[in-house]
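Heads up, the next two complexes both have chain A, just with different partners, chain B and then chain C.
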Partner chain A sequence: MKRYIASRLLYSILILFFVSILIFTLARLMPGDPIQAAAMINTDLANPEIMNDLRAKFGLDKPYHEQYFLWLTDFAKGEWGDSLGSGEEVLAMFLRRLPVTLELFIGATFWSFIIGFPFGIIAALRRNSWLDASLTTTSIIGVSIPVFWEGIVFIYLFAVILPIFPPSGYVPFSESPWENLLSVAMPTFVMGTQTAGLLARYVRSSLLEVLGQDFIRTARAKGLREKAMLIRHAARPALLPVVTVIGLSWGYMVAGSFLVEYMFAIPGLGRMGVNAVFARDFPVIQATLVIVALNVMLANLTVDLVYGYLDPRVRIH
Partner chain B sequence: MSKLLEVKNLSTHFFTDDGLVKAVDNISYSLNEGETLGLVGESGCGKSVNALSLLRLIPNPPGKIVSGKVIFEDQNLLTLSEDDICRIRGNRMAMIFQEPMTSLNPVMTIGRQLMEPMEIHRQMTRGEIQERCLDLLKRVHIPEAPTRMNAYPHQFSGGMLQRAMIAMGLTCNPRLVIADEPTTALDVTIQAQLLELMKDLTREFGTALIIITHNLGIVARYADRVNVMYAGRIVEKSTAMDLYKNPRHPYTIGLMASVPRLDQDMKKKLKPIEGQPPDLIHLPSGCSFHPRCSYRVERCLNETPELKTVNENHEIACWVDVRT
Partner chain C sequence: MSDETIDQLQPQRASRIGVWAVMKAILKHKVSCVGVVIIILLSLMAIFAPLIAPHDPNEQDLYHVLENPSRKHLLGTDDVGRDLLSRVIYGSRISLLVGVAATIFAAVIGVILGLIAGYKGGMVDMVIMRITDTFMCIPGLILLLVMAAALGPGLHNIIIAISLIGWTGFARIIRGQVLMVRELPYIEAANAAGASGFRIMFRHLLPNSLAPIIVAGSITIGGVIMLESAAAFLGLGVQPPTPSWGKALRIGYSYLEVVPLFSIAPGLMITLAILAFNFLGDGLRDALDPRLRGQGKKIE
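And now, the complex of A and B:
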C-alpha cells in the first residue's frame, strides 16, 4: 500500500509540472496583455512609453522561459505575486475566497449524493418498472441541463416568483448561519445537478451489474436477507466505478463554480478567475489555473487511494 | 431410511423476449436422508435451474417457478415466506456453486464469507464460529488456516477456493447439500480429491447430496441414484448401478457411448449423439429427443412419453423398449 501511495504521489507531481507549463503558455497565448487591458480602461496609460515602462516593471518584457521559471520558483515559495488589477497579493485573495468556493463544492456534492444515490439504488432495485423509467429520465434531464440555464430558471422560480431564496449574493457562515445556507442553497443545487444525474446513472448500472454476479447468488444461498445482502455483499463492489465518477465530477465542478459564482454573484475563486481573465490579470489567471489543476489532481489522488481501500485486489498482490 | 426431499411436478419457466423457455418441465423425484443423487445431462438441459428452484434462487424476472411442490423436511419450500426460506438456505439446505473464482465475493476475506452462514443461522459467539471455521478449513485440507482466514479470494488458487466453498456449504451442518458442477473449473486430479473430500464429509455428517454434473464418471463413482435430464425433463431415473449396467433410454445409451472408457478397446471410435442440443424455445413435438434418436418410431413425433417403471429401481420416459 505504501508503494502504491508513493507512486500515485510521484505521478501527481509530474503531471502538475507539465500542467504548469501549459497554463503559463495558455495565458500568454491570449491576445493582448495586461498593460493593454489596463490602458483600455484607464486612458492615461494609453501611451506607448508608459506602457513599455510598466511592462518592464512587471517583468513582462523578459523572454517567456525566464518569465516562466521566475513565476514557478516564486509560486512554489508561496509568492504568488500581486494582482495586476487591484494590486492585492494573489495568495491573500486566494485564501480569502477559498472557503467560499469550498462551501459551494461541499454543498454541490451533498446535493448530488442525496439525490444521486437514492435515485440510482431505487432504479436498480426496481429495474424496468415505471419508477425506474421516471428516475432514469429525470437523471438524464439532470445531466443534460446547461448550468447557466438552470441557474436563470431557478432564480426566476425561487427568488422572483416564489421569493424563498435570495436571487444572488453570499452571506458568510460566521455572519449568519441561516442566511448563509439560504444564499448557497440554490447555487449549490445548480452546481450539483449534473453530478447528481451522472451519479444516479452510474449507481444504477454499477449496482445492477454487481447484482448479476455469481457471488450475490452465493450470498443469497447462504440465507442472507435481501437488505443484508445488499449492504454486506453488493455495496462495496458496486461503489468502485462510482468512486471514479465522483472524483471526475469533483474536477468538473470547477467549471460549474465559474458559471455559478458569476451568475449568483458569489465572491469565490471562480468569480476571481473569470474577472482575472477579462482583465488579463496574469498572476491571478495563472494562480487560478494552477488551483484548478491541483483540484483535479487531488481528486484523482483521492480516488486512487479510496480505490485501494475498497478493493483488496488493488492493495494486495 | 426416511424421505428428506420430495419434488413433485416442478416446473420452472423463463419468460424471455424471444419466447417461453420451459427450463424445468414437470419433474418429480425424491431423496432420502444421507443419500447421494446424481443429476446428469448436457448443458442447458435444466439441471442447474432445477437445483436453484429448490432454494428459490431463480432470478425473477425472467424466471419463475410456475407449478409444483418441493417438500423438504415436511414443509413445502415453494409456499414459505421470504423470511422462512432464508432460514432454510445455507442452514438446512446448502449449495456449492461452480466457478469458485466468481462465486466468492472478491472484496471480502475468506474468513468473513466462511463465517457468514453461522452468523446468520446460529446463536454462537464470534470465537466459537471462528473456531468451527478453522476446523472446517483444516478438514478441507487448507494449510495455515488461521492466516488463510484473512486472505482474499484472489490470493487463493482455484482448487483452494472450491475447498473453501465446500467448507462454507458445510458450516451449518445442513441436511442436504446441492453441488452444482462443483469441479468443472478445476483440473482432473483436483477434481478427484475434492469429490472424495465431499463424499467423506457428507458421509461423516450424514448429509444428503445432490451432485449436478455432465460427467458420467463422477456419477458412477459417487451417486447412489441418478436422474438423467433432457430438455427440461427427466428421461431416465435409476440406481447408479443399474443405469451403468442397463441404460434403457436412447439418450442415456448415446451418452454412455460418447464417453471413453478405460475397460474398452482404445482404438474403438467414440460415437457422438447425432444432431444438435434442442432449441429450448422451439422444442420438437412429442418426445424432445426424437430428432436425434436412432430408435424413433411414429409415436415419438406426436406424443410425449411420461416416466414409467421398467423394474423396481428403474424408470424411463420412452415409447420404445430398446432391449427388444
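And now, the complex of A and C:
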C-alpha cells in the first residue's frame, strides 16, 4: 500500500508540473499585454514609463522560461499577485470566496446522493420493469439537461410563478441560516442534477453486475433476506465503481459552479473565474486555473487511494 | 493452411458489423429510436431553415419587441423584435455544425494520438498519455473559456477551441483498444508480412477500434453542443446577428419574467439535441459494444 500511495503521489506531482506549463502557456497566449490591460482599467498607469517599470517589476521583460519559474515559485510561496481589476490580493479573494463555492459543492453532492442512490438501487432491483425504464430514462435526461437551462426553468417555476425561492443572490450562513439555505437550494440542485443522473446509472449497472454473481446466489440460497443480502454482501463490491463517479464528478463540478454562480449571482470562485476571463485579469485567471486543476487532481488522487484501500487488486498495477 | 487458421488470424472486426445490423439493433432500442427521430428532425430543420422559418431571422421590428406568442409570431419576439421561432429554427444550424465539426476534428486528433501511443508504447506512449491527463485536469468548459478568450470570438475559433479540448477522450479509448488487440496473431502476421507501422495502425488497428469511436462520437456531439451553448450563455461564441440557441438563452434570461419563452424555447432545443445524441449513443453502445452496457460517459 505504501508503494502504491507513493507512486500515485509522484504521478500527481508530475501531472501538476505539466498542468502548470499548460496554464502558463494559455495565459501567455491570450491577446493583449496584462500591463496594458491594467492601464485600461486604471488610467493612472497609462504612461509608457510607468508601464515599463511595472513590466520590470513583474518580470514581464524576462524570457518566457524565466517568467514561468518565477511565477511557479511565487505561487508556491502563496504570492499569487494582485488582481488587475480591483487591486486586491488574489489569495485573499480566493480565501474569501472559497467557503461559498464549497457550500455549493457540498449541497450539490447532497442532492446527487439522495437522488442518485435510490434511483439506481430501485432500478437495479426492479430490472426491466416499467419502473426501471422510467428511472433509467430520467437519469439520462438528468445527465443531458444543461445546467443553465435547468436553472432558468427552475427560476421561472419556483421564483417567478411560485415565489418560493429567491431568483438569485446569496445570503451568508452567518447572516441568516434559513435564508442561506433558501438561496442555495436551487443552485445546488441544478449543479447536482448531472451527477445524480450519472450516479443512478452507475449504481444500477454496478449493482446488477454484483447481483448476478455466484456469492449473491449463495447468500440467497442460504435463506438470507433481501435487505440483509444487499447490505452485507452486495453493497461493498457494488460501491467500487461508484467511488470513481463521485470523485470524477467532484472534480468536474467546477464547470457547473462557473455556470450556476454566474446565473444565480453567487459570489464564489466560479463567478470570479468568469469575470476574470472577460476582464483579462491574468493573475486571477492563472490562480483560478491552478485551483480548478488542483481540485480535479486531488479528487482523482482520493479516488485512487480509496480504490486501492477497498480493492487490493488495484495496488499491483 | 486450412480455412480455419485463416479465420483465426482475422478475428471479427468491428468494421465488419454491417450497417444494417446496427440499424436493426437501434430500431429495437426504443430510446435510441427517439434519439434518431429527433436528430433527423433537427437536421431537416437546419437544412431547410429558409423554407420552414416564417420570417427572416434577422429582420428587426422595433415596434414589436419582447412580445409573447401571437398568431403572427408563434413564439413571440426577442429584444429587437425579431421572430423568435425563426431564430430558433436557424439556431439549429450553429449547434449542429459546431457539434459535428468539432467532434470530427477532435476524433481525428484523438485517434491519431491514441493509435501512436498504443502502437509505439514506451516513452512515446508515456508522453502522449501524460499530455492527455494534463488536458483532462481542467474541465472542458473552463478550458474552453480560456482558449476562446485567447483565440478570440467567432465560429471558427469556437470549433478549433472545442476540438483542442475534446480529443482526450478519443485518445484514451483508442489507446485502450489498440493495447487489447496489439498482441493478436493478425497484427503479428501483418508485421511478419512486412507491413509498415503506418499501414498496421490505419489498416489493421483502426478498423478494430471503430465501434467505440462511433459510440464516443455520438455522445461527444451532445457534449460539444452543451459546451458551445454554455460558452455562448457566458458570452463567448458566434458573433451577432447569427442566430444561436446559447446566445438567445443568454439575452432571454434577462427578460425571463416578461417573455419566458425567449430563453426557455432555445434552451429546450439545446436540451433536445443533447438528449438525442445521448440516446443514440446509448443505443449504439448496446448494438456495437455490449460490454459497456449501462455506463455513461460525460465531457463537460
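As a convention for this text, the second predicted complex is superposed on the first by the 285 of 317 C-alpha atoms of A that agree within 3 Å, B and C clash if a C-alpha of one lies under 4 Å from a C-alpha of the other, contacts with A are read in each partner's own complex, and residues count from 1 in each chain.
Convention: a residue touches a chain if its C-beta (ideal position, glycine included) is under 8 Å from a C-beta of that chain, and two chains touch if they have at least 3 such contacts.
Given the structure is predicted, the values throughout are model-derived calculations rather than measurements.
**Q** Quick one: classify A:132 as touching chain B (first), chain C (second), both or neither.
**A** neither
**Q** I want to verify the contact counts: of chain B and chain C, which reaches more residues of chain A?
**A** The partner with more contacted residues on chain A is C.
**Q** Could you look at A:214 and tell me whether it touches chain B, chain C, both or neither (first, second, both, neither)?
**A** In the superposed model, A:214 contacts chain B only, not chain C.
**Q** Which holds for A:293: it touches chain B only (first), chain C only (second), both, or neither?
**A** Second partner only.
**Q** Per the contact definition in the header, classify A:14: touching chain B only (first), chain C only (second), both, or neither.
**A** After superposition on chain A, A:14 lies in contact with chain C alone.
**Q** In the superposed arrangement, does A:222 touch chain B (first), chain C (second), both or neither?
**A** first
**Q** Touch test for A:179: chain B only (first), chain C only (second), both, or neither?
**A** Neither chain B nor chain C is touched by A:179.
**Q** Identify the partner contact of A:144: answer first if only chain B is touched, second if only chain C is, both if each is, neither if none is.
**A** It touches chain C, and chain B stays clear.
**Q** Across the complex, what residues on chain C touch chain A?
**A** 31, 130-131, 133-143, 145-147, 149-150, 152, 222, 226, 229-230, 233-235, 249, 253, 256-257, 260, 263-264, 267-268, 270-271, 274-275, 278-279, 282, 293-296, 298, 300
**Q** In their complex, what parts of chain A are in touch with chain B?
**A** 128, 213-215, 217-226, 228, 232-233, 236-237, 310-313, 316
**Q** What residues on chain B touch chain A, complex-wise?
**A** Those in contact with chain A are residues 55, 57, 61, 82-83, 86-91, 94-95, 97, 99, 102-108, 116-117, 120-121, 152, 154-155, 168.
**Q** In their complex, what parts of chain A are in touch with chain C?
**A** Within the complex, chain A contacts chain C at residues 14-15, 18-19, 22-23, 26-27, 29-31, 137, 140-141, 143-149, 152-153, 155-156, 160, 194, 197-198, 201-202, 204-205, 208, 251-252, 254-256, 258-259, 262-263, 273-274, 277-278, 280, 285, 288-289, 292-293, 296-297.
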